[in-house]
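Multiple structures follow.
What follows is subunit A paired twice: with subunit B in the first complex and subunit C in the second.
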Partner chain A sequence: MSDQTLPRIPAAASRYLSRIPGVAFILLAMVVAFQVGNPRFLSTVNLANVGLQASLLMMLALPMTLVILTSGLDLSVGALIGLAAVIIGSLLLAGWSTFTALAAAAGSGIVVGLLNGFMISYLRLPAFVVTLGTMGLCEGLALALTNGEPIGGFTPAVEAFYRSAVFGVPTPVLGAAAFYGILSLVLYRTRFGIYIVAIGGNKDAVHLAGIRADLVHLAVYVVCSVSVAFSAVLLLGRANSAHPTVAIGMEFEAIAAVVLGGTSFEKGQGGLFGTVLGVLAITVLRNGLNLLSVDPSLQVVCVGLLLIAALLIDRNRKRVVTRIAE
Partner chain B sequence: MRVCISACICNRLRYPSYNKRHVSRQGWIRVKPSERSQFGSAGEAEPAGLSEYPETGGPPLLRLVNIRKSFPGVHALRDASLDIHAGEVHVILGQNGAGKSSLIKVLCGAYVADGGDIEFAGRKVTIRGPADASALGVAVIFQEFSLAPYLDIAQNIFLGRERDFTRIGLVDKSAMRRAASEVLRQLGLNYDPATFAADLGVAQQQMVEIGKALSQNARILVMDEPTAAISEREADRLFEVIDRLKRQGVAIVYISHRMKEVQALGDRITVMRDGAVVDGFRRGQASAEEMVRAMVGRSLDQLSRREPHPAGAVVLAARHLRTSKLADVSLEVRAGEVVGLAGLVGSGRTEVVRAIFGADPLIAGELELDGVPLAARPDRSSRKGVALLPEDRKREGLALALAVRDNATAASMWRLFRRGWFSPGAAEKVCADLIERLKIATPGSAQLVRNLSGGNQQKIVLGKWLAAGSRLFMLDEPTRGVDVAAKTEIYRLIDELVREGAAVLVISSELPELLHLCDRAYVMRDYRIVGHLDRDNLSEKAILDLAVHHV
Partner chain C sequence: MTITQTSLFHTQPTVPVPVLVRLVMIVVICLALSVISPAFATIDNGLNLLRQASLLFLVASGLTLVIIGGGLDLSIGANLTLCACLSASAIKYTGQPMAGVAAALACGTLIGLTNGLLINRLKIPPFLATFGMLWVAQGIAYWFMAGQVIYGFSPAFRFFGSGFWLGVPVPIWVMLAVGAGCLVFLTRTTVGREVYVMGANEAAASLSGIPIARRRMLLYALSGVAAGLSALIYVARLNAAEPGIGEPLLLPAIAAVLVGGTSLFGGSGSIVGTLLGAIILTLIVAALNLLNVGSAWHPFVTGAIVLLAMLGDAFAARGTRR
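Presenting the complex of A and B:
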């Protein structure tokens, strides 16, 4: 090395080691523990079940990762998916084609995303407050569209899609996996992706590099809202009905999954793979506790504990890894 | 194959696409790419610039002539000229507030000059924004880096120029990393370009910034106090790189106030003071002392000495203070005394007062206030009567968005409770007294502090501690950025303080100010106290002799 006097750059191996989020170890431990506690845990049926439960959360948490990488936040995803579900449901009931229904849902996503992105990126309003506002907007619209009643009884095609499988793998799981693949390509292999990480780290530097940083920043919120609106199909399929407020609160589960996966609210640190692990950890925990017939309210406590445990691991492991590297 | 790839990258480096775009969109850039090409490019191992601009002599690459810039109430630059030659290090020397930063900002397009000319290779040009400056090949390495921490080195270097590496919409990471390795190799570095910027030390980030600038075809590299945050060994490494760049024909503008570096690096040295260029030297023409003298000014007789008051008991005794920066500092201040803490910027003066106040943790050492041991913690020391006027009053001394009243009572809030309840009336009274006593020019106690002038703001910081009944006042650059009238007023207040038996420790970079105010002074260098001057021995020359490191 020509620069032995400088602080050592971590070697490739320890660099990858330090990029594995702490939740990976917890996930592994949980899988082992639940399998010991209930041998049905690793059965094909239950795994398909975990996959189905995970796929919806995945569809929210993956785009949320992009938003959080820009040092932002999107609280409106839970309300938006409810609104999109109601829009799709009502249009299908009224006899419109599936294509029209999906297009309308996508339209709602674009509008909400533009609204969020414009206020956050161009008007420089805090993301927390802006998306709290659009969250109320979406929730109110969904309630108004349905008079607060759940709607159901539309074509069995939606539920059939949700229940279908390819080579034994549920279609929604394949969908979520494909979505992960596409977003990974976007984040790690395109200019757009590089700018997302750069904006989270230093938006001014992105400006100075001659990039339209505000536009990129806005686009992230649009991407998030549109993909969330599309995933309303999974919500509809799961219950075969559209309830205006059924998904309220899911935004917090999505944010928890992202944070569990090691993505930080600052500096553009983190990534999509961690989010996948975070989603799996939350889903596995819920599912495992269900199998062990643990009280649902206790399950919520456990998700909270999981979050805290993962944060502590990540914090201390950084020190451990540095020590090993030295 | 490999040769082919790198040649192809070199071509891209030579004319980054964003440069072309700016040139075409903003047609008033007078330099065409064909003219720029004669200065070679960062992509070539040995640029052609060398032969055209030998190390000394020859016409300057860029000239700033009689640049003026003022802001409401301040002449940031009165008359500043600078010749920048290819293959030379041009050091700009000056105290804080001398106009170095303003000049750099004009050069890089952050400020537009009010008057004066800029010539590039003998032709008049205008710099109206950062795009113009980078089209001329000017790049600045600021103290605050512009790297995105979780992009890798390659992505940071080529941020905004990914198009050059994009095939069917996807960025070719390995091509980008190869190109980054090539850029770093020209600096003599072999960092792994896949490393996150967040995993680099400050010095390494600085190198990446330099690489980024060079890959953007920078021919004039401006470095703003580049050694401020790096170790001595890292600095040596930086100097090697600077030397290498010089040989490649890059012009370097180097801002510093460290005499050792200035003498080691500077081919030309320009000294600034009060917004104007006051002196210029070639390498070896002047001693460190001469340069410092030019830097601090000679206005020795402008101010008469303050009449001394009889000194009382020891108020502050600090013994063997050690912090992460300070090495073994001991000093004493008596009641009725104004004691100076002299030294060049960066010699550790601010660190001493911060340590005494408890703002920086003490590793070792003892503090006594009026003979009683003092815990170095801001909450304790402020109640025991220690006051700190920080160097950066806007950030550390005041809450700008709050009213005069809130700021004036911030350090004595605990005295304003009546039967457990905060008493607005008492706060109002304290504030009214201060406004009257310190002659603070404000429409009222509810006025927001940000709307007041620098001098009045400083009076409020002082008043805050007066209201708290402080006995020891530590004033870090108390008159920086205030006008002459307010300066005199602050001197009067300091005199009044010591007459009433307070002890004052004052830091100033202005020698005349120290000579006027102080009964005696400690002189600092390299984070230690290197001398003590009593009233009879206190002189400009004595301070400089101690403060400047003679190698």
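Presenting the complex of A and C:
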């Protein structure tokens, strides 16, 4: 009911205001608070650090936005990035070329994406349980490949890539920014992007309009899994080792970032820019809590509380805006 | 599945064909395992397997109720972890087993109620609310334990997990009691029948006067209580509590519910199915151990079972639609 009254708001400014996700205000408040708490927060070194930490999460959260726009969910990303890291790491250790290792990781992403997409799109099974199942598959494979031990000691090239910088900006940050640009073009400037949003709205209607909705829906999961598999490089570079289960839990931060950014599980609402804000909010929160030396396990709890706070703001603001409109 | 759907309002259960199918599966696996290993077909081993199944069933029982009601609870494993850690430290602190029981049940209920509240008030999908709760509870448990393991409990408390009554392990008695309770709730009470209606069609259920929000709170609270109860049994059996114990149980619990024939789309399923599903899953793990398959493969196998069970669910649903 509020949707119908929204366009009647006279002031363009308040309409614009209502589009900013609640997380933007929280992000601003956190930056101010952490800077006051620790003056080193806004230093160049720390900002580069925040950027590096955000780039990996960005690589997971951006494709997750596409998935959530189709009213879906991918819980397998955390386990898949672990599996891809293990695959890349063990191939590099065995003396294969970087290209082969990346191709094998991409292959694992394609297989997982096809499996997820087929069961969710064609068989119309609930995404959260399908991807929970594939999460088990990936986790088990990664554990079995490594016997549960972390592997390390491969070429320093991976870590060098992660630590490198172009004009003072870390390469992973540039990579994540380029990825944002590409996905924005795909989502907002191509038919494929329009179909993605439309599938979230009403898949049957897209199908009846003569579009191969099932195929587009499947492609979204493949895109997500493949880009997640490639981001394993960042994970490898960060720790310079591959641990089969280290990334499990990252799917929570990725989903939290998307939801924080205002993307809704219903009706294909939301967008990529909100996700960028969500990723920044989570990374800033974690970084700030680190500087205040808060226990890492409590940081996860704080991410959960942040999510609830943002949802509460978004929900109540809608109510306030509706009241103004009336 | 067909049967529960068509006989929604019958209090008299009809011949449960899905139950028969699962019983046959159990018999076939047992026969195969007895051929592989002569030590398999003994009463001791049978009781041991049932005791393992009882823990899985307890976790899955609350989940079954939630899924029949059209929801999902991904937080059960982490909830179990937190309950286990809190109750273990309550016992150590006070020296009273009952303090641990109270702590576990209170913590489980509280987390369940919070799940229900998040879904009702924030209007977010159940999988999102409970998935967030998973990580929050897990985080609190890790922080609370600070890398410690609490172990060594009094025999009075350990009785819940490793004791015997009339020659049968106590967890099996608990499993039977909880199973019977759920069965009566789902098939013989008005509220239980309302859960099926709610899961089948929430809008219709709401229009026919079922208080959806309150029923939802009840279901998630029951799921939390089940997690608290399983935590007690688990701690009493392991004689230790640490923050890694609960989370690996989530996938097997979902697998047990799905193998038991409860549909993820809500509105159909049974607690007896989940009981059989838990037994089947325990037998599969026993088979993996007999065949010397490393424990690293367990998540892979459980994931595959979840996917296969969903495929079966999808094709069964397709069959009834035609």
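Simple rule for what comes next: the second predicted complex is superposed on the first by the 304 of 326 C-alpha atoms of A that agree within 3 Å, B and C clash if a C-alpha of one lies under 4 Å from a C-alpha of the other, contacts with A are read in each partner's own complex, and residues count from 1 in each chain.
Rule of thumb we're sticking to: a contact is a pair of C-beta atoms (placed from the backbone, for glycine too) under 8 Å apart; a residue touches a chain by one contact, two chains touch by 3 or more.
Because the structure is a prediction, the values reported are computed rather than measured.
Undergrad: A:204 contacts which: subunit B (first), subunit C (second), both, neither?
TA: first
Undergrad: Now for A:189: first (subunit B), second (subunit C), both, or neither, which partner does it touch?
TA: After superposing on A, A:189 lies in contact with subunit B but is clear of subunit C.
Undergrad: Classify the contacts of A:119 with the two partner chains as first (subunit B alone), second (subunit C alone), both, or neither.
TA: The answer is second: A:119 touches subunit C but not subunit B.
Undergrad: Quick one: is A:269 in contact with subunit B, with subunit C, with both, or with neither? Answer first, second, both or neither.
TA: First partner only.
Undergrad: Give one of first, second, both or neither to describe whether A:293 is in contact with subunit B, with subunit C, with both, or with none.
TA: A:293: touches no partner chain.
Undergrad: Considering only the touch criterion stated at the top, classify A:134 as touching first (subunit B), second (subunit C), both, or neither.
TA: The second partner, subunit C, only.
Undergrad: As a test of reading the superposition: which chain, subunit B or subunit C, is in touch with more residues of subunit A?
TA: Of the two chains, more subunit A residues are contacted by C.
Undergrad: Could you look at A:73 and tell me whether it touches subunit B, subunit C, both or neither (first, second, both, neither)?
TA: Second partner only, subunit C.
Undergrad: Which partner does A:44 contact after superposing on A: first (subunit B), second (subunit C), both, neither?
TA: It touches nothing on subunit B or subunit C.
Undergrad: Considering the complex alone, what residue numbers of subunit A touch subunit C?
TA: Residues 73, 75, 115, 119, 123-126, 128-130, 132-141, 143-144, 147-148, 249, 252, 255-256, 259, 265, 295, 297-301, 303-305, 307-308, 311-312, 315 of subunit A touch subunit C in their complex.
Undergrad: Quick one: in the complex, what on subunit C touches subunit A?
TA: Those in contact with subunit A are residues 72, 74, 118, 122-125, 127-128, 131-136, 138-143, 146, 250-251, 254, 258, 264-265, 294, 296-304, 306-307, 310-311, 313-314.
Undergrad: Would you tell me which residues of subunit A are touching subunit B in their complex?
TA: 1-3, 5-7, 9-10, 12, 15, 185, 189-191, 194, 197-202, 204-206, 208-211, 267-270
Undergrad: If we count contacts the way the header does, which residues on subunit B are in touch with subunit A in the complex?
TA: Contact set of subunit B toward subunit A: 18, 21-22, 130-131, 146-151, 155, 159-163, 166, 169-171, 173, 188-192, 194-201, 203-204, 233-234, 236-237.
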